[in-house]
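The two complexes that follow have chain A in common; it is paired with chain B in the first and with chain C in the second.
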Partner chain A sequence: MISRTIVRLGVLSVFGRWRGALLLLLPVVLVGLAVVVRVLVGDDTGAAQNTLNAFGLTVAVPLVALLATSGLVAPEIDDGSIAYLLAKPVSRHEIVASKLLVAAGCVLLFAAVPLLVSGLVLRPADPDLALGFGLAGLVGGLAYCSLFAYLSVLTRHAIVVGLIYLLIWEGLLGGLLDGVRWLSITRWARELVDAVAGVRLVEDLPLWYAVAASVVVVLGGAWLTGRRLRGFNLTGDE
Partner chain B sequence: MSSPSEQPAGVIHDLGYRRYTGPRLGGGAVARSFFLTGLRNTYGLGRSGRSKVLPMILLATMLLPALILVGVLVQARDLLGLDSQIVAYSTYPITTQLLISVFVAAQAPALISRDLRFRTITLYLARPMGRSTYVLVRLASLAAATFLLIAAPLLLMYVGGVLADLPLGRETGRFLGGVAGAVLLAACLAGLAAVMASLTIRRGLAVAGVIVVLLVSFTVVSTVQGVSSVTEHGTVGQVAGLFSPYTLINGVQVFLFDSPAATPTPPEGTAMGLLHLAAVLVYVLGSVGALLLRYREVD
Partner chain C sequence: MSEIRLDHVSRWYRNVVAVNDVSMTIGPGVTGLLGPNGAGKSTLIALMSGFLAPSSGTVTLDGEPLWRNEAVYRKLGLVPEREALFDYLTGRQFVVANAELHGLPDPGAAAQRALAMIEMTDAQDRRISTYSKGMRQRVKMASALVHDPAVLLLDEPFNGMDPRQRMHLMELLRTMGAEGRTVLFSSHILEEVEQVARQIEVVVAGRHAASGDFGAIRRLMTDRPNRFVLRTSDDRALASVLLADPSVRGARLRAEGGIELEASDFGRFSEVLPRLARDHGIRLLEVSPTDESLESVFAYLVSS
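Our next item is the complex of A and B:
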């Protein structure tokens, strides 16, 4: 189900150029911020939660997913070299699964683990909080990867569309309208933190729904991406 | 039919085409029209219909809150006892920063990365226009487009406020302060975005890079400022404000025009204010320098 060659090429294209530097920047900033907050405030639950939630889960995780996923599919479509990949006798679903595996590795390495580390820096006495944020970062990041992968085979402007979804829907409207929580990956991830660490980041969202919705987005996004690739049409720029 | 051994008999005839003898516009005119084309292109004018969608939607979304604010001000001024703008001119850009960031991030590559990717840059540089002119004019187009986006809602609020009978002199002063802030913010944002966009030929990567830098810097700065204002480490928060264009320009406006602060830790004292001004200079001159350096070896 996984093609090792595609995984190898995917890793190269994610870390090629300075996309790798941008990817590396986010976890470094996250852990640095955790250290600064810890020095300024000391061991404080509220500040720890705010930092991990406002920067880690809401900004860093989706951006890592966006950077990783956009390095995998979009450049190949952009320069047309995906034609060579699609011409190989490899199932389209296998291509998508292999590429998403690379993205998942990036999310684990650059989002989930740094969240865990910053959680431990901020609250060494409360490993549940760090664990909760790490797990939520992984699940939320995977869901974002699937979503962005589907976007990048749907439109050439996947990054802009993804950013607008992220900033306007999750950020702006999510803060204003409570009902958005039913359709917001970040809020499902927050519910996971609530369940693991026993805090209250999001109100009135059942855990089973958060888990089920995340799984549906991960699997559904991957499957739809593969389906879309089966009948893929290469078109010119603009 | 001629055999190969025959002498070639071709001649170039002077057909009497006339040379162009009219006035030739100099480098200034080249730069001016290049600037204007760039400015139009950032809003999708002169490009395909699809590239007009995003900038026009962003401009409309920028104006919408200002329109609502003006409507509330005009309708409910006596009811609510308002005697000034509901949202200060200097606070408006920081409130709508997501839209401004998306605009800059999406349009900087449209001006800069595409020239590198489709090799149009060689055509530009083959003209009498020099490299540094190309760089400066591109930057100016982007900055002017960003300025229009930031300043348009401010103008709407100003006109609405004056029509709603707010004191003219005071309102004009505050509006001019807001416009000065918009100029500085547009210059900082355009510089940062242009540098990022000139480093890659991939449009998507450039967009993501600019957004990552703007969004991450603002979130980190506001987290640090929030924490430092609670824990009496005010100076840390004031220095942190230097690292995001939005908080920086808001600080400059607080320092220069005594605008209401939109951050928890605005700069206090002359030294901190001057530091903010110096930081603006570093942002702008630094990005111009970086761009000139980047384009020194482009071919």
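Our next item is the complex of A and C:
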């Protein structure tokens, strides 16, 4: 189900372009912020939760997923070089799964692990908090990757659409309307933090629902992306 | 021996028709797909390579549909027109990756063979971003040839190549055709096509305008009426003399001076014109064809 060649090409493409540097920037800022908060505020539960939630889970995780995923799919579609992957007797779902594996690696490396480290910096005495945010970062990041992969094969403006979705739906409407929590990847991830760390970031959202919804988005997004690639139209400049 | 068959294939984008009711069979040997820019050549190649669904009709490779059928790529190699490649790889890494994706038992050896075939062994360890247009074209060829396909489709492969590379690619295509592979390439240049292709399919404005060996296509193209503008020392006298000759279909005196002339038999006309002018003591100051553009040649083919 995974093509080692596509994984290798994916890793080279992420780190062979300027996006690689941006991916590195976000975790550096996150951990740096954690250090600053710890020094200025001290060992404080509220400050730790706010930092990890507001910047880590809400900003860094989706942005890492967006940068990694769009960097893996969109440029190849834009310039037509995806033809070299598609003109092969390789299942389209295998191509998508392999690319998502690379994106998942980026999420783990540049979002989940930095969240874990930041959590430990902010609250060394409470490893559950760090673990909860790390796990939530990984699961939420995976769901975002799948969603953005599908966006990349749907539209040429995947990054813009992805950013608008993050700002309007997850950010603005998510803050204003309570019901959005049922359809918000970030809020499902927060529910995971609540379950692991025993805190209350999101109200009235069952854990089973958060887990199931995340799994559905990860698998559904990947499957839809593969299906879309099966019917990929490639024409010249005519 | 493989065969691509298009059966009453049309393809439209909303209300623009790109390919209009085309039926053709591409068999072993080299076939040239000839047509002006925008005629639908790229659309046809996309249809034949499984990268576009026909709006109506069927496209098959040895009886199997090409659309949504990734198994066909085992015996099909595609050289797209667009230049974008994986610029962050070296030529060799790129061709090896293609070999791996085909699941070849020894990707390294297959890549070496393909790179040697297109004479890229010297530059294989440079990054593709440093390659010239011609080198990119060749590395694309190598990636399409790496699995030794029975069918090779090339979209405008000679674009950007220098004359020596062009000769080499032509030789390579001829060899592959002679080996019994089905090779199809598109071009908008007749001379390019007739040097390599045994069979020529002409498309104009999305329609299949003509089909035949290059001799037949060449005749079709040269036997068409030719239009010229002549400037002479006595336009009126020469016009009347020329009209008496069967090689000339019509002549008109232009208000600004000169004769507009339509010749129906170009071969005969080119012999008769200087002789008649000399016999009547008329000097030819200018003889220039007015419609030598490829588009007019194609337009004629469509109307005939």
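Basically, the second predicted complex is superposed on the first by the 234 of 238 C-alpha atoms of A that agree within 3 Å, B and C clash if a C-alpha of one lies under 4 Å from a C-alpha of the other, contacts with A are read in each partner's own complex, and residues count from 1 in each chain.
Following the convention adopted for this analysis, a contact is a pair of C-beta atoms (placed from the backbone, for glycine too) under 8 Å apart; a residue touches a chain by one contact, two chains touch by 3 or more.
Values in this document were obtained by computation on a predicted structure and should not be read as measured data.
Student: Applying the touch criterion given at the start, work out whether A:Ile159 contacts chain B, chain C, both or neither, answering first, second, both or neither.
Tutor: first
Student: Between chain B (first) and chain C (second), which, if any, makes contact with A:Leu40: first, second, both or neither?
Tutor: first
Student: Looking at the overlay, does A:Leu22 come into contact with chain B only (first), chain C only (second), both, or neither?
Tutor: first
Student: Just chain B (first), just chain C (second), both, or neither: which does A:Ile168 touch?
Tutor: first
Student: Would you check which partner chain A:Val59 touches, where first means chain B only, second means chain C only, and both and neither mean what they say?
Tutor: first
Student: Could you say whether A:Ala83 touches chain B, chain C, both of them, or neither, answering first, second, both or neither?
Tutor: Touch partner of A:Ala83: chain C, not chain B.
Student: Kindly classify A:Ile6 by the partners it touches after superposition: chain B alone (first), chain C alone (second), both, or neither?
Tutor: Touch partner of A:Ile6: chain C, not chain B.
Student: Is there a shared patch on chain A that both chain B and chain C touch, and which residues make it up?
Tutor: 17, 238
Student: Under the definition above, what is the set of chain A residues touching chain C in their complex?
Tutor: Touch list, chain A to chain C: 3-6, 8-9, 12-13, 16-17, 79-81, 83-92, 230-238.
Student: List the residues on chain C that touch chain A in their complex, please.
Tutor: 18, 37-38, 40-43, 45-46, 49-53, 67-68, 70-74, 76-78, 80-82, 84-86, 88-89, 94, 97-98, 100-103, 143-144, 155-156
Student: Given the complex with chain B, which residues does chain A contribute to the contact?
Tutor: By the definition above, chain A touches chain B via 17-19, 22, 25-26, 29, 33, 36-37, 40-41, 47, 50-51, 54-55, 59-60, 63, 66-67, 70-71, 74-75, 78, 157-160, 163-164, 167-168, 171-172, 238.
Student: Applying the document's contact rule, which stretches of chain B touch chain A when the two form their complex?
Tutor: Chain B residues touching chain A: 47-48, 50-51, 54, 98, 101-102, 105-106, 199-200, 202-205, 207-209, 211-212, 215-216, 219-220, 223-224, 226-228, 230-231, 233, 236.
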